[in-house]
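Per-chain residue numbering starts at 1, and chain names A, B, C and D are given in the order in which the chains are listed.
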Amino acid sequence: MNTNRLEAFSDGVIAIIITIMVLEIKVPHGETLDALIPLIPVLLSYVLSFIYVGIYWNNHHHFMHMVHNVNGRILWANLHLLFWLSLIPFATGWMGENHIGAVPVALYGLILFMCSVAYAILVSAVLRLQGQDPKLAAAVGRDYKGKISTILYLVAIPLAFVNQWISIALYVTVAIIWFLPDRRIEKVLVD
Amino acid sequence: MNTNRLEAFSDGVIAIIITIMVLEIKVPHGETLDALIPLIPVLLSYVLSFIYVGIYWNNHHHFMHMVHNVNGRILWANLHLLFWLSLIPFATGWMGENHIGAVPVALYGLILFMCSVAYAILVSAVLRLQGQDPKLAAAVGRDYKGKISTILYLVAIPLAFVNQWISIALYVTVAIIWFLPDRRIEKVLVD
Amino acid sequence: MNTNRLEAFSDGVIAIIITIMVLEIKVPHGETLDALIPLIPVLLSYVLSFIYVGIYWNNHHHFMHMVHNVNGRILWANLHLLFWLSLIPFATGWMGENHIGAVPVALYGLILFMCSVAYAILVSAVLRLQGQDPKLAAAVGRDYKGKISTILYLVAIPLAFVNQWISIALYVTVAIIWFLPDRRIEKVLVD
Amino acid sequence: MNTNRLEAFSDGVIAIIITIMVLEIKVPHGETLDALIPLIPVLLSYVLSFIYVGIYWNNHHHFMHMVHNVNGRILWANLHLLFWLSLIPFATGWMGENHIGAVPVALYGLILFMCSVAYAILVSAVLRLQGQDPKLAAAVGRDYKGKISTILYLVAIPLAFVNQWISIALYVTVAIIWFLPDRRIEKVLVD
């Protein structure tokens, strides 16, 4: 059983997730520039989430490129990841509509944390099936990036109740860490 | 006429169904944790439906893998299945917004029942075209799982009026039965 | 330039059109069976439109199967068809929410008429590029079905102002005519 | 790393963008023809945006056809383009709901401008990886069309505050310029 349809389905779901977030940017009733001001936090939340979903699509794209076979465990690990990703639009909308309030910022971090856990489960499901593949093992490596991100989310969640902008700064930091696609994998593929 | 475009179209529709359900989780106006409490039944309904739609995609994926040709009958049987699946977000939203009330729970069961009937029609349309294929016949087998699910839905619908949590328990039971992809098919493919 | 991406994009748009119509079936606030009664015309409109969009996907699927190359004219003829198809959810919602009123029924017919014109333009754009292909010419033939449908829509639009149920009956008639995929094409492909 | 999944994901996102715009055409409550009159600017905005998104899909389709490999830079340049395209439904809705007011028309132009900048960045990211390809270089050429469009948007944005219909006329002009797919590329591909 190959990965084509898994990739196509994941692409479809991720494409919808990244696009329906824009539906949260409600068309304002006034037609002046002032009418756009309340939308600024909504737009900033959208930009952050767009980048996050883009990062997941990017990493998923790179990672699945090295997966040759799919079993039931991998299918479900992938659906589990899509489930948590599908909650990003909700958390984004809640954060944006409440002017980046403390609880919404903490929830946003919780969902990012669950996404990173789900991604790690997917990777380990693939390694379990295909772990003898030295190329894959080398590419995944020690996964410093993944571990650092997970720790930063865990730190950011409680810190949102101290000052939510610290948490936002941490989410932006993680996004910057991941911004470039995983060089390890790209390097292995080129070698 | 091959199955590629049928699979691609089904993947698209199922990806949209599984994702638009999240639009029913309306962003609350308050920014406290309390504001999330009314969303708990909505979220639980979403989780259940996400798993159900995931199961259908999974089984569809496995089953279509063994289908080599498509005729008009199969195209329409597939659209018929997609029609009933497309009503799951509505039933999920109604159930979630009414705190898992009796009538919504019964309707939810009715739509799951119709999905299972539509799936059986799709399988029989394929068998009619390709019934001579011993691999497929072996994989479909006696379809105990399918028959048990259909019966459990039929039992769950009236029981919702006694106590809706019995019906929910039955839906969860069916989900657990199907959770793992169809081992029969996977076994045949590997052999 | 081959047809793969044109088909994939069309599948995507048609999959979204067929699925977002379900968003018009708004979750009712009550939790009794009575709460579902106002939704009956909405549901019936949805069923009719689901079948219509399904027919277009079906015919598009069959027809594009015989197209080998795509030029700018065909790309735009295809987008033009998708434009009119994309208005079906609006017309469906308006018809359903107004208890199948006369003006909405006429508008619904107008949009179906424009879809059939757009489909004819797409077919002629393909014939212009690939008209020397005897298989395609034989499959398209005299296109009785297409011509009859277009005439029936034209008749149904003014009749909606006499009695909208006559128009609905005509739309159902056209749907039945098209229900089975185009045997002419299927026959040519099999030969 | 090939372009298949990049194209599939872009097709998905563009298909969703082009289709969710129709959700802005809210179903009116009345059932008379009068009820449709307030929708005329909404519909006209939709037509313009549908053509614009269609043009981008068309050009993306043609351009990606000549791209053989994808790196991280191209993936992100593509996501950046999709980001600005995803704001078109918002700008369209705002413009339509406010009877083509001055500020919404200027914002619409700003987003079209950003889309054209993002497209230019994508093209230059591809040229950077694959610039030695004489076919591609010839096809991209001096990109008069792209440069003229970008200038026309820049002119149209301030002019919206003089008279918004001048800006609309400029947007329509750019759409006409791009309406036909890029003959340069098509010519090179055929040669």
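The criterion applied here is as follows: a residue touches a chain if its C-beta (ideal position, glycine included) is under 8 Å from a C-beta of that chain, and two chains touch if they have at least 3 such contacts.
Here the structure is a predicted model, which means the values were calculated and not measured.
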Quick check: superposing subunit B onto subunit C on C-alpha atoms, how many degrees is the rotation, to the nearest 5? 90
Specify, for the interface formed by the sequence copies subunit A and subunit B, whether it is same or different in terms of residue numbers shared by both sides, with half as the dividing line. different
Subunit A to subunit D, mean C-alpha position gap in Å, rounds to 26
Determine the centre-to-centre distance between subunit B and subunit D, using the mean Cα coordinates as centres, and give it in whole Å. 37
Shared interface positions of subunit A, touching two or more other chains: 8, 12, 15-16, 20, 23
The residues of subunit D that touch subunit C in their complex are 7-8, 11-12, 14-16, 18-20, 22-23, 25, 27-33, 36, 47, 50, 54, 57-58, 61-62, 65, 179-181, 186, 189
Can you name the residues of subunit B that touch subunit C in the complex? 1, 5-6, 8-9, 12-13, 15-17, 20, 23-24, 71-72, 75-76, 79, 82-83, 86-87, 89-90, 93-94, 97-98, 101-104, 107
